[in-house]
Every structure is written in C-alpha cells, then in structure tokens.
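Read through the structures below before going on.
Across the two complexes that follow, subunit A remains constant while its partner is subunit B and subsequently subunit C.
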Partner chain A sequence: MKTIWIIAGKESAQILKSQRGLLGLLSFSGMLSAFSLLLVSDTELSLLDNAQVVYMLEGTVLAAGALIAAVLGSDAYAGEKERGTLVPLLCAPIAPETLLAGKAMGLLAAWAIMFVVAAPYLWAVGANGQNLGAALFYMALFGTPVVLGFGCLAMALSARTGSVLASLLSTLTLLMLSASPLFIGPGLRGTAIGRALDIINPFAGALNTFDSVIIDSQPFYAQLARALIVSVWMTGCLIAARHSAAHPRYQ
Partner chain B sequence: MLEIENLWLTIDGKQILKGIDLHMGPGDTYGLLGPNGAGKSTTIAALLGLRDYWSDRVVVLGQDPSLGAAEIRRDLGVMPEHAGFYDWMTASGYLRWYARLYGVSPTPREIDMLLGRVGLGNVYSHSIGTFSRGMKQRLALARALLPHPRLLILDEPTDGLDPNGRREIYNLLAEFVGDGQTGVLLCTHLLDDVDRLCNRIGIIDQGRTCIEGLLDALMAEKKGKQRFRLRLEGEPDTASLPDSVTLLGHTGQWWRIQSTTRPSEEPSAIWCELWQRGWKIVEINAEASGVEEIYMDHVTRSRQRRQ
Partner chain C sequence: MDRWNRWLPAMAGMLLLTSVSSAAQNPVTVDLRPARDNPPSPAMGDNLRFSSTITNTGAVSIEGIVAWISLVEIDAGNEQPMDLEDWSAQKAVTGAVLSPGESLKTDWPMRLIKRGDYRVVVSMTDRGGRRVNTSPIVQFHVREKPVLQAGRVVWVAAVIPFLISGWMVFNKTRQRRQRTRFEGPVPHQTV
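So, the complex of A and B:
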C-alpha cells in the first residue's frame, strides 16, 4: 500500500512541477474562464436558467476530465517507455498491480485538482451557489468512475501498444463517440439509436444524471441504473488495464 | 548466485533465446558478450521476471524469477542500457524517491556520499534535465548501487563515459565485488571492459550460449592460437613454413599469420624460427587482445556451424 502512495505522489508532483502539467492546468482554467465569461456575458446565453448553466459547465468539466485522463493514461506506460523511465520502474521490487494502482491514483489526483479548480466556476455561474451541492456531489459520484475508466482504458492501450500516439488516438476516438450525445440534437437523441447510445454509454449516463438531478431535481434512487452503467464501465476498464499492465511493452 | 540452464524465450511468436547457459557465484564479475541482437538484454529481462520463459533451471539469488520476481529484485541493482530519469527531479531527490520503492530510506548524507562516489557530489541539487549523457550514466550507476544489492546487473555501463569516468566505474565495481559476497553481471560489447573487470565470461550468439567459463582458463586455451601482423623486409619464402605457422595473407610489406603454440610456450620461439628461414621481421603486431580473439573465434565458429 505504501508503494502505491510513493508512485502516486510522484505522478501528482509531475503534474504540479513539470512544465507540461502546469501548462495543462493553466489551459483548463483558461478554458473554464472563457466558457464562464461567455455564459454570463453573452446576451442569449445569460438568459438561460441557472440550473441549465451549471449543467452545461459540469458537462464541459467532465469532458475535459476524460480528455486529461486519456492524455495522462496514454503517457503512463508508453510515455515512460519512450523517455526510458519505465524500465527502472519495472526493475524495482514492485508488483505490476501496485504500479498500475499508483498510476491510477495519480490520475485520480489530477481529476481531484481539476475538480477543485472547477468548483469556484460552478459556484460563480450558478448564481452564487445555487445547485452547487448537487453539482459537486454528482460530479464526484458519476464523473469520477467515467474519468477513471477513460484513464484506465488509455493505460491499458498504452501498456499494450507501447505507443503514446496509438493509445491516445484510440481513446480519443472512443471518447468522442461516447460524448456524441452532447453533439447530436434532441431530435436524434429521441430516435431508437440515440436512446440505445444513451443507455449503454457511460459518458451519456453521467451527463443524463447531471441533467436529471440539476435541472429536473430528481432523487438519487432514480439514478441507480445509470450508476450501474458507469460502475460496469469503470470495472471493465480496470480489468483491461490490469491485464495489459501485467506485461507492459517496455522495449 | 545465478544459475541458468537451457533458457528458451519467445517474443511475439519469434524464438529469441534458444538455449542460454549462465553460471556465476559470489565474488564473480561475469562478462556477458555477444553481437547486437544476440539476446543479452532479453536474457536480463528473463532474470528480472519481465518475460515469460521456458528452461531446465533458472535460479537467481536462490529463487525462481517466475515465482517471486519482486522479491528477487529487492536484492538486485540494475543499470539498464538506456538510463531514463524524470528531468524535473533533482539528482538527490530522485535517488531518495527511488530508494523508497525498495523500502529503503537513506539519509541525505548517505545520498550525498553515494553521489560523491559516482562523481556527482557537486551537482546533487541540480535538476536532472541539465545533466549530460555521461552524468546520467553515473546517476544510473548510483541508482543501481542504492539498495545495497547482492547482484549488480549492468547493461553497457561505460557507454558515453570519458576515460576518467570509465576508470572511476572500474574502481567502483572492483570495490563492490571486493568483499566476495556480491557479484556483477556485465553486459557489454566493449571487450576492453571485460578484459579489465571480469573473471568469468559467456559469449552468446543468435540466442545460444557459444561458450562459458573462467576467463583465465579460456585465455590459456586460446593463447596457443594467435594472429599477428608482421612487417617484413623483402619477400619471404612462403613455401617452407614451420608447422606452427599458417599464412593468412599479405598487403604490401605486412604479412598476416596465425601461430599455434602450446600454452607454456612463448611466440618468440616462432619468430626465431621464421628469422632462420629468411623472414626479415621488422615489426610485430598482435591482431587482437585475448578476449577479442576468444570472442571472434567463437562467434565465427557458431555461425559457421549454423550455415
């Protein structure tokens, strides 16, 4: 357990101390600032209901979280391999599962940092805290497994292929497919294909939960089916990552 | 300390190792030699439990790597061929972090002493991103020595080092095996390193061990057959050569010969005999060092056998 924290500590420090990590954080807060400014200053967007605005920003934070998880996950094994830092880790007395768990904790730390950075923006656009509690609670409950799932999927591909590019492109393609409910209009979402995509898709599951609790104020028990979808997604991705990380491509 | 018998390993359906044998005990410095792609690094990967293999017997520090690789690695110090580090960390910060993966918590003084031993004492607080290749190589050696290993596995340790750095590493390794309880497995293509450091060698080619044994014994065996380049005055009589000399060819004044003597004999007797037969020898050059001779001979023979 101690080794997991040692690896997770390094992964987190890398985000906060490396130029790449700091640039990522700066880009994320810049994007949130621009989006928030647009929501409150644009004539048409400022007419939106507070709950609607919080929902939109929350969806954006989730998409950004999944994107960052895909980038970090792709870098976790293949990036270390390309920089020559994976072999020293594999030569140390660490079980493959421990290394994977440490890296997954690092992903969670990155998501936690994004969560903390996003909280004041949600507070600001939601008319001084209206819906903030529900937004944060459901983002933690549904957003975390979705983000962790994408991160683990990227780690699985990264360990298997040994290529950052291959892993990142594959994960981003799946992420775009999952996020398609955001892009397709309500008419298309009402069709059989749109409904099927909504049912099996963890990303849509989390978004629909945000919609349901923030805009429609529905109770927790109404979200159980979607909670099951995101849990299955996260578990499946964790199993795939564990399988690939047992023998990562290191040469 | 290390016993490998008939090790076979397949990667992506391709047979990479097809019968590796390797034996070393405490106090040994073992030179693992072979051409590029012979399977040296893959053998190391198998020892570390990073690859699945099949074998008659593999024992590393008394344990089977396929059953408890993490436990074995606790007593191993490894210096991989490509020394990778986190550029944003300082040298001492990195070593402190890496030691914790072994469950070791060295004091800042111990870290400074170790960095001093590998010649990085004055840059302990510098970011690794500012280090040259040679400095990273020294840091990689410090990383391998950090957990006080019983067996040190070094893949091309002097690659990229200046002559001073190489000498410092030779001294460090000699000091490391000095107590007779530890061992060094040295993977290299620099035969000079092997000549200076190793008491045992193993030569592998195309995934098979060609020869393995004590360097002194192999040298004594080899000493009987050596190649020389002789500079002569005028044309020699090549029709009546002594039995112990084989003519290999000539370019201008330089003539290549192979001499065959008993281990106890010196080649000077051959020079006298050639002189008496009219060979006006002006200069004599041995074509290669003893280790190089052994290496070339066995790799060539192994390839001829397979053709």
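So, the complex of A and C:
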C-alpha cells in the first residue's frame, strides 16, 4: 500500500512541482477565466440563467479532465519506455497491479486538482442560482468515473502499443466520439442512433446527469441508470488496464 | 306577431339542438389558472406555477388522455415557441380514463429563463377524439435581471491564474536554489 502512495505522490508531483504540469494547470485556469469573462462581457450571455451557465462550465471541466487523463494515461507506460525509465521500473520489486494502482491514483490526484481549481469559477457564476452544491457533488460523483475511465483506457493502450502517440490518438478519438453530444444538436441526438449512442455513452450520461440535477432539479434516484453506465465504463476500463499492465508488449 | 310566434319555438329548438350537438362533440373543458402565490411581477430566475383542470362534461368516459403545456414568446419581432427543456421539468401528463363529471387537475411548474412577454396554454386530446381542446391563454411578462455578478466573476478569473503563476515562479526559484546548493558555486577561473 505504501508503494502505491509513493508512486501516486511521484505522479502528482508532475502536476504540482514540474513546470510542464503547472503550465498545463495555468492553461486550464486560463481557459475557465476566458469562458467566465466571455459570459460576463456579452450582454446576451450575461442574462443566461445561473443554472445554465453552471451546466455549461461543468461540461467544459469534464471534457478538460478527460483530456488530461488521456494525456497522462498515454504517458504512463509508453512515456516511461520512450524515456528509458521503464526497464528500471519493471526491475523494481513492484507488482504490475501496484504500479497500475499508483498511476491511477496519480490520475485521480490530477482530477482532484482540476476540481479544486474549477470550484471557485463555478461558485462565481452559480452562487446566485440554484443547485450549486448539488452541481459540485455530482461533478465529483459522475465526473470521477468518466475521467478515471478514460485515463485507464489510455494506460491500457499505452501498455499495449508502447507508443505515446498511438495511445494518445486512439484515446482522443474515442473521447471526441463520446463528447459528440457537446457538438451535435438536439435534433441529431433525438434520432434512433443518437439515442442509442446517448444510452451507452458515459460522457453523455454524465452531461445528462448535470442537466437533470442542475437545471431540472431531479433527485438522485432519477440518475441511477446513468450511474450504472459510468460505473460499468470505469470498471471495464480498469479491467482492460489491469490486463494490459500485466501483459505489456515492449520491444 | 303571429308569424313571429310561429317561428320563435322553431328558432329556440334549433339553438338548443346546436348547443346539445356541440356539447356532444366537445364534452371536455380545459381550464388554466396561475397559482395564487405566483410573484406579481416575475423576473428571470423566478418560479411560476399554473394549474389546469380538465373536466369531462359529456355522458361518455374519455380514454387515453394526453395533456401538454405550450409556451410562446410574443415579443414583437421575436415571436417563437419556447423549448420547455430548460423552463420546466413537466411538459405533459397522461390519464387512462376520465369518467363523466370527473376532473383531472395538474400543476405545471415553470422556471423563468428569459425576459419577455409570453403566453402559456394547455392542450388536451384523447384516444377516441379528433380534436385538440385548449385552455384559455394566460399571458405574463418576465422582467430582465442580469444573473451573473460581474465583480465576482472578474475577481475569480484574475486571481486564480495569478496564484498559479505565482506558484510557478516560486517553484522555479526553489528548484534553482536546490540545484545551486547541490552543484555548489561555480568556481572562478584565474588567468
């Protein structure tokens, strides 16, 4: 257990102590600042309902979290291999599951840091409105499995392909497909294929939960089906990552 | 006068027949009223509630009832039906059977999202009927209210990146000092 925390601490330090990680964090907060200032400066947007603004901001935070998880996950094994640090790591008396758990904890730490950075923005735009507390709670409850799932999927591809570029491209493609509800209109989402995609898509499940809770003030039991979808997604990705980490392909 | 006395019962009979026929064709009344505790001058972000009553005034039961609420904006140049997705969690109700004399009462909550003048109406149809029955229209005005507090948003948008930048500078300085301490001072070369 101690080994897991050591690995997690090292992974977390990449975000908080390396200039590259801090630059990524600064970019993330800059994006949220630009979005918030745009809402205030534009007359029409400033009249949007608080709940609608909080929903839009949470969707953005979730997408950014999944993106960061995909990048960190792709670097987890393939990045170590390309830097030449994978062999010493594998020679250390660390079980593959322990290494995977430590890197997953590092992903969770990165998501937690992003959550802490995003919380003041959500408070700033949503404090006058409704369901701000519920919005933060459900972003943690539904956002964490979605982000962790994408991170584990990226780690699985990273261990399997041995290439950061290959695993990152594959994960980003899947992420864009999952995030398509943000791009396509309600008309296309209402078609048979659109509805089927919505049902199995964990990203759409989380977004629909935010909509249901923040805007429609629906209770928890109305979110159970989507909670099942995101849980199945996270579990499936964890299993895939565990299997790949136990049998990595390295040249 | 005699001619008038001859025609009067016939005319009365025709009127009665017409009204009975109308009732038979439209045995449903739909009523819509705003709730008494609605704010008198609602603004964006307020919640309104409307109550509808669908009554079967005919002699036959009505089956397969569907009632839905519609909201239209009537601002000049901006006339359009509104998507109730963000305004209300309840957009329609159904009823299996409405017996003669029975009523179906429904509350329609609504959260006001956008400023303007609006009309709301409840429509109803049933499985066997071939018409849509509508309630009287209720019209209301939503006042404008800026919902984002610019001061708070600007403050957060500026402070958070500033704090992260400050941490970056502090981190860089600390790493440089640690490196200097480890490597030692650079020796001076004398010629």
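The working rule: the second predicted complex is superposed on the first by the 244 of 251 C-alpha atoms of A that agree within 3 Å, B and C clash if a C-alpha of one lies under 4 Å from a C-alpha of the other, contacts with A are read in each partner's own complex, and residues count from 1 in each chain.
In the analysis below, a residue touches a chain if its C-beta (ideal position, glycine included) is under 8 Å from a C-beta of that chain, and two chains touch if they have at least 3 such contacts.
Because the structure is a prediction, the values reported are computed rather than measured.
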Note to self: On the A-aligned overlay, A:Arg83 touches which partner chain: subunit B = first, subunit C = second, or both, or neither?
What the structure shows: first
Item checked: Comparing the two partners subunit B and subunit C, which touches a greater set of residues in subunit A -> C
Next item on the list: With the two complexes superposed on chain A, say which partner A:Gly30 touches: subunit B (first), subunit C (second), both, or neither.
Entry: second
Check: Touch check for A:Lys17: first (subunit B), second (subunit C), both, or neither?
Finding: both
Margin query: Is A:Ala95 touching anything from subunit B or subunit C once the two structures are fitted on A? First, second, both or neither.
Written below: first
Next item on the list: Could you tell me which stretches of subunit A are touched by subunit B in one complex and by subunit C in the other?
Entry: 17, 19
Check: Which subunit A residues qualify as touching subunit B in the complex?
Finding: 2-3, 6-7, 10, 14, 17-19, 80, 83-95, 247, 250-251
Check: Which residues of subunit A touch subunit C in their complex?
Finding: 17, 19, 22-23, 25-26, 29-30, 32-34, 36-37, 39-40, 46-50, 52-53, 117, 120-121, 123-125, 127-129, 215-218
Margin query: Quick check: in the complex, which residue numbers of subunit C touch subunit A?
Written below: 44-45, 86, 89, 111, 113-115, 144-150, 152-158, 160-161, 164-165, 167-168, 171-172
Notebook entry, point to check: Which part of subunit B faces subunit A closely enough to touch in the complex?
Noted result: 41, 48, 50-52, 70-71, 73-74, 76, 78, 80, 82-86, 88, 97-98, 100-103, 143
